[in-house]
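One structure is given here, and the rest of the page talks about it.
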Amino acid sequence: MEAIFWILSAITVLGALFAITLRNLIHCVLSLILFFLGIAGHYFLLRADFLGAVQILIYIGAVAVLMLFAIMLTRHVTGDEGPREVLGGKWWAGMGTAVIIAGLLWAIIRKDQLAQILPAGGAQTSVVEIGKALVADWVVPFEAMAVLLTAALIGAVVIALEEVIRRR
Amino acid sequence: MNIPLGDYLMLSAFLFAIGLCGALSRKNAIIVLMGIEIMFNAAILNLIVFWHYKYFATPTAYIFAIFAISIAAAESAVGLALVIAIYRQYKSVDVDEFTSLKG
Amino acid sequence: MSIAIPILFVLSVFPGIFAYTTLVERKALGRIQNRIGPNRVGRWGILQPIADGLKLLIKEDIVPRRADQIVHFLAPVIAVIPSILLFSVVPVGTKLVPVDLNIGILFAFAVSTASVLALFMGGWASRNKFSLLGAMRAVAQVVSYEVPMVLAAVAVVMAVGSLSTLRIARAQSGGILNITNWFVFRPWGFVGFVLFTIGAMAESARTPFDIPEAESEIIAGYHTEYSGFKFALFQMGEYLASIAMAGITVTMFLGGYNGPGSGPGWMGGLISMFWFFIKLAFMIVLNIWIRGTWPRVRVDQLLGFAWKVLLPMSIVNIVAVGMWHYLTFRPLAWVATTLWLVLWFITLSKLAATEGVAPRTYRYAS
Amino acid sequence: MDHTEYLQHLAQQQWLIPFFPLVAAAIQSLMKRPSRKASGALTIIAMGLSCIFALRAFFATIGSGAEHHEVERTIFNFTWFKFGTTSLDLGFILDPLTAGMAAMVAFVGFWIFVNATGYMAEDENFTRFFCFLSLFAASMLGLVISNNLLLLFMCWELVGLCSYLLIGFWYFKPSAAAAMKKAFITTRIGDVGFLLGIVMLYWKTGTLTMYTHDALHPGALEQVGALALRNGWWGLSTASTIAFLLFIGAMGKSAQFPLHVWLPDAMEGPTPVSALIHAATMVAAGVFMVGRMYPLFTAEPGSWVLDFVMWIGCITAVFSATIAVAQFDIKRVLAYSTCSQLGFMVMGLGAGSLVAGQFHLLTHAFFKALLFLGSGCVIIGTHHEQDMRKMGGLRKYMPITFWCYLFGMLALSGVPPFAGFFSKDEILLSTFHRNKYAWGLATFAAFLTAFYMTRQMYMVFAGKWRGGENDHGHDKHGKHDDHGHGQHGGEPHEVTWNMWLPIAVLSLFAIGLGFFGHKYGEYLGVAGAESEEGMAVVMGASLAVVALGLLLGWAVYGRKTMEHATDEDPLSVALGGLFTFLNRKWYIDELYDVTIIRFTATCGVFFRLVDKLIIDGALHAIAWTAWGISQFFRWIGDEFFINGGFDAGCESVRWEGKEFSKLENGRIQNYFRVLSLGAAVLLLIYFFT
């Protein structure tokens, strides 16, 4: 199990690193997908099967594909290299901040001695329970989520279709 | 499984930092969005880790994670639509060039 | 032992089925087009798949010079993996279930989603405009058709109360000769079956939904620049996905392994495998038949059909399952759900028909 | 099934009353191709159904109250949804107050809808109109039946929304668009108070359900005893504080001074809308809400809240009546009269008589709806003419309308056998007991009411038809608007049956409803609380002023009717500048312009100045100080060295300003970076604590 954890962690971290450092945008998205896969693997390892499947379905099936489309729609020539200058003007500021935050989180985790805690164990939450909780106790957030997704859907369509509306 | 909680938290902290770094220093708006997605995922991973280690029998954290994933998906859909709209306007996706709100 | 047999079975039997599906397809298409089809290698061309395989293995592997080498190499490999993973949740017989995941159906959809990546990677890495066009078409198509497909499956999941494919198959046992409880013999099940079959066909990019590789428009779509064994892998992935989808269709709607004589014992287990493969063969032949006899749809029609007809219909179907669940008096449930579905079908076809046949309008490319 | 069970059953089915109009609205909003007949029929059938249910509930409650001489209140509560452990309850109530109000709203609404099919017959957006109208009726009925402040507030806001949509129904007219905004914003000001009241009630009692009939979890109104003992704000008990806040909401909705300004402008909407919303039901919502929450108002004896309510009502009554005297638009007269009558109701409530206020609400709804629909008939009959100076002699052309209008006018003026007399008299009586000055003012308002209604009758129906004259040039009033018909010169004509039938039916109620005043008191279960003392004085005085008003009206307008549309109003001749003052509505709108709106604008200017003084000023101050000091040092001879140093200081200040303004560079990543740095600082703090 430990071995699986370390392999998955390596995949995840490398995927994330490549996603933000590679020059070619398509390669970035592909390594982002690797990262998503790694996270899904972690979910399976943590016995959150349902969430793992949802992760693959939503992130790889929808979000990554959306990103691919966005890249395709925002490039003049397909498949050429990205902008000549990959990093923004203040990249050192971003990296510095990220390093500081990582270091601090690391320190806090050390300090709070979270390392000693081991899994609680017990019966797994079944999909049926999740479904029941979703439509019984959490029905209002659930409906709010439905409204949010509908709004996002309509909003995204409207924003992206702007040109057509203007043309009419 | 005998992986201590701390290892998982480290992992998600590093992933978060990587995502933050990407969101802060890349020029391309899509990569910035990708960085934000990485941060989202790190946070959700944290949720699930705590669920697994402490609240395994209750579905609350799980449902929270599902909501977080849905919100992240909605966010990225709208964000990418905005990127496309902005691209039409500026013919560029370089975040350094979007300075209409300059004070 | 317990898990090794099913895995070996999946890895040995289904590629064989793939090989002979290609033969059957060529023969059947030949008949439909009034010609004979392959008949040279072995009697009735029975060794043709082996010859094909050998030929593709020893053929030169050509990679375009400006192609993205790594991605170009990875794409066909990735194309095959999800297709094989799909088989892991298909219960082949009462004694032969590869993995009984409690999220089986969801897993299947998650995995089949991933196949779109391979198409995109292949198309994009080739540095060929036809490849890229094919890839984009494939992505749009798969993403669009996945939604009604998942919703059609939700109907079944609602009726059974479980995501596990094994539980779904078990829920369809019993009745007269183990037949009458198949979900296809319910109003919502029938509609779901049609929706799911269409969705599956589009998802695996088969005619009439094969615009990602439409020869007359974009040569061969995303695998234009592939040859040799990589091409074979692409074909294999595509066929395996199609067969696996047929298997899932069988499990969800056509009663899975259930049939006269199937049961829990060894004998019953063998009979159940027999029935499963009979149904699988039926689905495969249905696919081939449709491929041979239907014209290809246009890309805008394709997407319009998914969003304007299939999607509303699958949502309506979910409501029908709800009605079925709550109307415990069966004759009433039959009448009510049938009426509901038929009325919506008529409405939707009217609404979709009002647009008529019009010349295509271009939104982004003009 | 015994009676209690039957009532329980009915309370459970209260939701059916608003249900039908709601469904009608939903269907019409989805209708693909607008069909006049289908839409009209659907609306009227839905309203008829809900009317049947409302009447059923009404008759069921009649039997109960009279026997026991106490309020029989049946409730039905249910859980709407749960957040984790907190649950939100909703509920319906069935008691005489609700049943009577619901029956009135549904019944009057039904006839208004029938009339509207005639009034709107030629409008393009027939379906949209009836959709909004149905939605309005549904939300009003929902407001009436709710046993929960949350549900009540939701319906309250829906009513506001519908009124916004309907006032601006002809949104292409700039005046209508302005009126809709005005109505919405003005009532919203009141709603802030209402919402504050609701929040405070929830804070203090932990529930928004009014009645639960459960000793363990008492409803909000069942805890008023406890609330009255706790200290609130402004020297009031908690109960009175909440009551005061709620009343602010009622002031907005029921158009009480000083939030009345929206109601007259709301006459920009189609006339059935005016009848339904701005006479019969919506404005009644405020009064009804006060009646519903009445236990809170009366919980603390001797608080100033009731006095406040009474005086606001009194001021509104007199104030609006004076304005109504000098208006020329037929609907505006009625609008100000509505304001004034609402003032009466509020005054009655403030004087401590729930029955008086609520009964006047009911009778007023009938005859005011009648008058508005009648004015609608007149407007249609005269081809969309609203200016009374261009009418006249319509009695000859529109006999049915004339007689119905006459009954409505007599009822409103408070002539004895008609409905208005009894209900207004009760209010005056209870005011008389409470405060003699308020009573005197109210009696004056009653006099004005009789006078301006007589004026209207003579101007519209008596004399000769003045509409045929040329209508250019002398349009002092500026209210001239035609709806593109271009047939102003046409002869007036009687309206079709679907327009006069409703007013005929309503006029029956305007005649007869007054006799049930005493019965209504019993019905509400608070009969006998009124003392009969002073009855003779009050009745005598009101009879006298009504007679005086009618006589004066006859004297000014009846003896010699106007000959031409351009003639000056006889009253205007008599009163001169005062008339203009009244015609311009006491310049209240102008007052608001120069006070509140100007104030807001001034605030803007002020803050800009602050900006200049503090931001720029700081920099200037530094520079000037530096300059001053350097002058000082130069003066003592150390010119070069120190001066140069301070120059550098000034330079550095300027440089810093420039650098800091760079922070606001519109680059999202920069903001993000700062945000992350802030997060890092927070983490650092967390780490060291």
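Think of it as A, B, C and D in the order they're written, each chain with its own count starting at 1.
The criterion applied here is as follows: a residue touches a chain if its C-beta (ideal position, glycine included) is under 8 Å from a C-beta of that chain, and two chains touch if they have at least 3 such contacts.
Since the model is a prediction, treat every value here as computed from it, not as a measurement.
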Chain of greatest Cα-centre distance to chain D: C
Higher-contact pair (C-beta pairs counted), A-B versus A-D: A-B
Between chain D and chain C, distance of the C-alpha-averaged centres to the nearest whole Å: 62
Chain centre separation in whole Å, for chain B relative to chain A (CA means): 5
Interchain centroid distance [CA atoms averaged], chain B/chain C, Å: 33
Centre distance in Å when chain A and chain D are each reduced to the mean of their C-alpha atoms: 51
Sites on chain A at which at least two other chains make contact: 50, 54, 62, 69, 73, 88, 90, 93-94, 97-98, 101, 105, 138
Junction residues of chain C - those touching two or more other chains: none
Multi-partner residues of chain D (at least 2 other chains): 669, 673, 676
Chain-level touch network, classified as line, ring, star, complete or other: other
Pairs of chains satisfying the touch condition: A-B, A-C, A-D, B-D
Of chain A, residues touching chain D in the complex: 88, 90, 93-94, 97-98, 100-101, 104-105, 107-108, 111, 136-140
Residues of chain A that touch chain B when the two form their complex: 1-2, 5, 9, 12-13, 16-17, 19-21, 25, 28-29, 32, 35-36, 39, 42-43, 45-48, 50-51, 54-55, 58-59, 62-63, 66-67, 69-71, 73-74, 82-83, 85-95, 97-99, 101-102, 105-106, 109-110, 113-125, 129-130, 133-134, 138, 141, 145, 148-149, 151-153, 155-157, 159-160, 162-163
Chain A contact footprint on chain B (complex, rising order): 1-7, 9-11, 13-28, 30-31, 33-35, 37-38, 41, 44-45, 48-49, 51-60, 62-63, 65-67, 69-78, 80-85, 87-88, 93-96
Chain C to chain A touching residues, read off their complex: 68, 71, 101-103, 106-107, 109-111, 113-114, 116-117, 120-121, 124, 127, 129, 132, 136, 139, 143, 146, 161-163, 363-364
In the complex with chain A, residue positions of chain D that touch it: 81-84, 669-670, 673, 676-677, 679-680, 683-684, 686-687
